[in-house]
Amino acid sequence: MRGARTLQWSALAAAVALAATACGGGSDSGGSSASGKPEGYVSMFNGEPQHPLMPSDTNEKFGGYVIDALFTGLVAYDQKGGLINENAESVDSKDNKTWTVKLKKGWKFHDGTEVTAKSYVDAWNWMANVKNKQANSYWFGDIKGYEDVHPEKGDPKKDSMEGLKVVDDHTFTIELTDAVPYFEYKLGYKTFAPLPKSFYKDPKGFGQKPVGNGPYKFEKWTHNKLVQVKAVGSYKGSNKAKNKGIQFKNYSKVESAYQDALSGNLDLVDGVGPKDLPKRKADFGDRALDVPYAGTQSIVPTVYSKPFKDVDPKVLQGLSMGIDRKTITKTVLQGTRVPSTAFTPPQVRGYKKLDSDVLTYNPKKAKKLVKEGGGVPGNKIWIQYNADGGHKEWVTAVCNSITKSTGVQCVGDSKPDFQTDLNARQDNKVKGMYRGGWLADYPLNINFMQDLYKTGASTNYGRFSDKKVDELFEKGDHADSLEASVKDYQEAEKELAKKMPAIPLWDYAANIVHGEGIDGVKVGYDGNVLVTDITVK
Amino acid sequence: MTETLNAPAPASKEPGPGPAGADAKPAKGRSLWTDAWHDLRRKPLFIISAVLILLLLVMVAFPSWFTSASPTAADLTNHYQGKPEYSHFFGEDWFGYDTQGRSVWARMVYGARASVLVGVLVTLFVTILGGIVGLIAGYFGGWLDSVLSRITDIFQGIPFLLGAMVVLTTFTERSLWVVIAALLFLGWTQIARVARGAVITVKQSDYVHAAQSLGASTARIMFRHIVPNALAPVVVVATTALGGYIAAEATLSYLGIGLAEPTVSWGVDVDQGKDALRTAPHMIISPAVMVSLTVLAFIMLGDAVRNALDPKSR
Amino acid sequence: MGRYVARRLLQMIPVFIGATLLIFCMMYALPGDPVAALFGEKAPDPAQVAAIKHQLGLDLPLWQQYWNYLTGLFQGDFGTQIATQRPVADVISQAFPVTIRLTLFAFVFTVVAGILLGLISGLRADKAFDRVVLFFTLLLISVPSFVLGYFFQYLFAFQLGWTTPTVQNSEDLGQLLLPAIVLAGLSLAYVTRLTRTSVAENLRADYIRTAIAKGLPRRRVVGIHLLRNSLIPVVTFLGTDVGALMAGAVVTEGIFNVHGVGNTIFEALNRREGSTVVGIATLIVIVYLVASLLVDLLYAVLDPRIRYD
């Protein structure tokens, strides 16, 4: 340990010395690797992954891209939100409580070892263990025995969950604490990945140099510069790479990535920056794509705040109808969003357009409804947002729209960063509404309601609570089949439109530009480009 | 620019450029100021800056004299990033519209309030706080001086922009007072140093020794003799710093940690306009020119005041 | 001389500890929990948060955390980032060279251009050239760096197309030119004005008159006698300016997309990576302290009357 520490200082000194020499000696020291791209590879913009490259620790987009390229789980989703088997031969259950997973034979990790039932069971036990501090560990919370490895307090009692049992090399069973009709859908999330044996020797090193079983093999990760992965020729999944590899290139600002794409140094940019949005069509023509995906943005009233304590839902409906979604998405948001038509986005299973006009702009009716509902105390509302996320413009526009059509004073409440914003939500200190955003974890309508509006749900920061809604959710959770469960949630959604626990604004669209050198750019339900489908001309 | 605050203005280089007493003229504080005023009135630098500042103050007090438009009235449907009509003097669309469809001209006018308020109030508070610290350190000397000087060193060692970012993030509410508090927290050291130097110089002069030997009380010596005579270098530094504080407010608001909507601030508007730099540059140019002009006016004033008060340059 | 340096170094210790403690306390007081934020919009898992905090020592009282940080620092350990789990020294050693390059570039530009302009206009005080230079320095002081940055970007990159709007490769000095000039702008103006004033003043001094009367060549008078004495206030300014330049890079690096200390610290602040913020701040404080010591030592070189003992 002592040795490592002195190393840190000397690394620092070396870096400083390097800077000094680079000043005098020109740029021949490491510049060549910056632009070099192997033949047949696709280079795309991506930020620096925020966590080590572990399926169970990655919960943000930049790391997610890499994890998705390196690992393939049991099942995957198609573009319409349907399920397809990948490493699983079958996933079955008779009672929605005990699930039997049969694996396809002959799948291999990139180090040559075979993917077996044990690769899954051991990995999940490790990931769920509180000692290993994985950000996605709560995903295993449905499995029986989760509390043993992940107690609310103190050290784990056991090393493994009793719900996971290896039957043979290619079969294992998952027993849940309660029946979950849509558990199979959850299995598509990236944390339910297998890990090779070599992982357990050095978990920390693995996060810097992961070995997966996916369509691509890890090549290198130069921090703040690039992650490079290489296509695996022997890969057996349905999403076999159509290119030779991917370079995920790091830019701290997406604007410079855009410039690089424009000058042909970069193949693809996902998430064009606000500065370049107005010019993207002129710059890239039909190589500038806007593809809607399963994510929504809303403004959420908090039931404890002064303006919304015991508010009549009519007022909220009125405020909702006072927002000119169409104009705002076209102007301020420059086509990066699509006005919402329900509490769920169209890309998920179970989506149904809301049979109501509460999401339609109608200033006259808006004003009337607010008045009928008795208005808000002080005639003033706030929308809380974080200044570091590019939300200022649309929050201001929404506020202006509300004030103009309903006469209710609306102001943005800026918090310097996401941390402060989140903190206020968790501590019930939001002054009025807050900016809510939800991206699908799995493409099912349930995912857009249960976590957000169920009484006491962990992400229900508006603290909404309604008996009838809860009952319908409960019914859906105990339905016999996925089909029935989805239907019950659709009923619940109708109820939500009457109670308005949130005002849905718009759904996200992925804004992509790509160079002439590549083709076949498609987007998944989660808004990520399907990198395996890209072909190099 | 925020660095201004870290970098002592040229006048403050030598500790206390010698108030009146130190110079050849045996003048008292009063005649220094009247002399300076006579001098100032004839300097074009002063006249230009005075006119600009006066105009600005009128803008702060009576914005509606300049525009009938409201800085917050938004019309997205018709005026989204509307182009300027430079021939429509004082019209709503004189400098075009911003991303929210608001009149840029109205926002230029109403934005003066935040800038000038922050600049003036921070300067005032900084002068009081820094002045008191400098006075105590310089007058009493000894261990008190050592302690206060080290504390000053500590605050000066923290890079200004960095410190301000951290301080501002600790506040969950964005308001004028928070920005003022942050600038005060890190800005007082410069005045404290200058004041200390000036006080030490004055303390050694004959009339202070005379007053001491006549048995005058500490308070009397401090406020009748030392403060008036040590004031000149402090005033010089404070006037120059004022422009710096205005620039600092704009910079912090631009970074998203200073003022925020719905407060109308030029810094916020620059931040809003930066994304449209390629397509609608009018949105960023107008507030940027306003900030620069305002800072320029106060820097010129500071220059003029220094020239008038610094006997060496006469 | 040796004793003076020793005394100055001793005086640095309380300043260093005070400055780092101050920043440490401020980071501690920030709202928001970096560990909880690992979970994004999702509600954090209390067991996990507790475990991570315990591992990183974030559950200890403030004074103990500071003590651990300080002792770690002296053993060369800058701590570990919460989210990425990378050693902070790693993060810093990636960002610092970039900013040092940028700052050094800006610094050299400031010194060379500033002293040259100041010298010329000081020698021709109140002539046309002097007026023009004075006007431009006024302008440079008044225009905030973010305005100057966007103006340059608009003019040189978008309108004239001479350079890329952002820095693609931070090792290419050509690309660093624009941000370096923007960063140097204010200091350049100050150095120019300081040099000018002090040159103009010293020009009237007796020793210059003597030197000229002695019949020394003009180049020698200006180059040795005049410049050497006029540089004292300039050197003082430059010494205090280095730290400010590095911190000022927050704005410049943001506009031109340079992956340096400024960007890193801004990001770290938003993510509440305390050890990263304090680590970088500590290094900047050290740079500032060392620079001001060097300035005082330089005095003795520039002005033989000054003796330290």
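For reference, chains read A, B and C in written order, and residue numbers begin at 1 within each chain.
In the analysis below, a residue touches a chain if its C-beta (ideal position, glycine included) is under 8 Å from a C-beta of that chain, and two chains touch if they have at least 3 such contacts.
Quantities reported herein were computed from a predicted structural model and do not represent experimental measurements.
Engineer: Centre to centre, using CA atoms, which chain is the farthest one from chain B?
Structural biologist: Result for the farthest chain: A.
Engineer: Which chain lies at the heart of the structure, taking centres as C-alpha averages?
Structural biologist: Most central by this criterion: C.
Engineer: Mind checking the centre-to-centre distance between chain A and chain B? Centres are C-alpha means, answer in whole Å.
Structural biologist: 46
Engineer: If you average the Cα atoms of chain B and of chain C to get two centres, how far apart are those centres in Å?
Structural biologist: Roughly 22 Å, centre to centre.
Engineer: So how far apart, in whole Å, are chain A and chain C when each is placed at the average of its C-alpha atoms?
Structural biologist: The mean C-alpha positions of chain A and chain C differ by 39 Å.
Engineer: Among all residues of chain C, which ones touch two or more of the remaining chains?
Structural biologist: As it turns out, chain C has residues touching two or more other chains at 30-31, 269.
Engineer: Of all residues in chain B, which are in touch with two or more distinct other chains?
Structural biologist: Touching at least two other chains: 169, 172, 274, 277-278.
Engineer: Residue numbers in chain A touching 2 or more other chains?
Structural biologist: Residue numbers touching two or more other chains: 388, 416-417, 420, 423-424.
Engineer: Would you pull the chain C residues touching chain B in the complex into a rising list?
Structural biologist: Those in contact with chain B are residues 11, 14-16, 18-19, 22-23, 26-27, 29-31, 138-139, 141-147, 150-151, 153-154, 158, 185-187, 190, 193-194, 197, 201, 233, 236-237, 240-241, 243-248, 250-251, 254, 265-266, 269, 277, 281, 284-285, 288-289.
Engineer: Show me the residue ranges of chain A that touch chain C in the complex, using the header's touch definition.
Structural biologist: The touching residues are 2, 5-9, 11-12, 14-16, 18-20, 22-23, 26-27, 29-31, 34, 48-52, 59-60, 130-131, 133-135, 137-138, 150-153, 204, 207, 223-224, 251-253, 255-256, 259-260, 265, 388, 416-420, 422-424, 426, 437-438, 458-459.
Engineer: Which residues of chain A touch chain B once you look at their complex with the stated criterion?
Structural biologist: Contacts found on chain A: 273-276, 278-279, 324, 327-328, 331-332, 387-388, 392-393, 395-397, 399-401, 404, 411-412, 414-417, 420, 423-424.
Engineer: Any idea which chain B residues touch chain A in the complex?
Structural biologist: Touch residues, chain B against chain A: 72, 74, 76-77, 80-81, 99-101, 168-169, 172, 174, 256-257, 260-262, 272, 274-279.
Engineer: Under the touch definition given earlier, write down the residues of chain C that touch chain A in their complex.
Structural biologist: 30-34, 36-43, 45-48, 50-52, 55, 72, 75-78, 83-87, 89-90, 92-94, 96-98, 100-101, 104-105, 164-169, 171-173, 257, 259, 263, 267, 269-272
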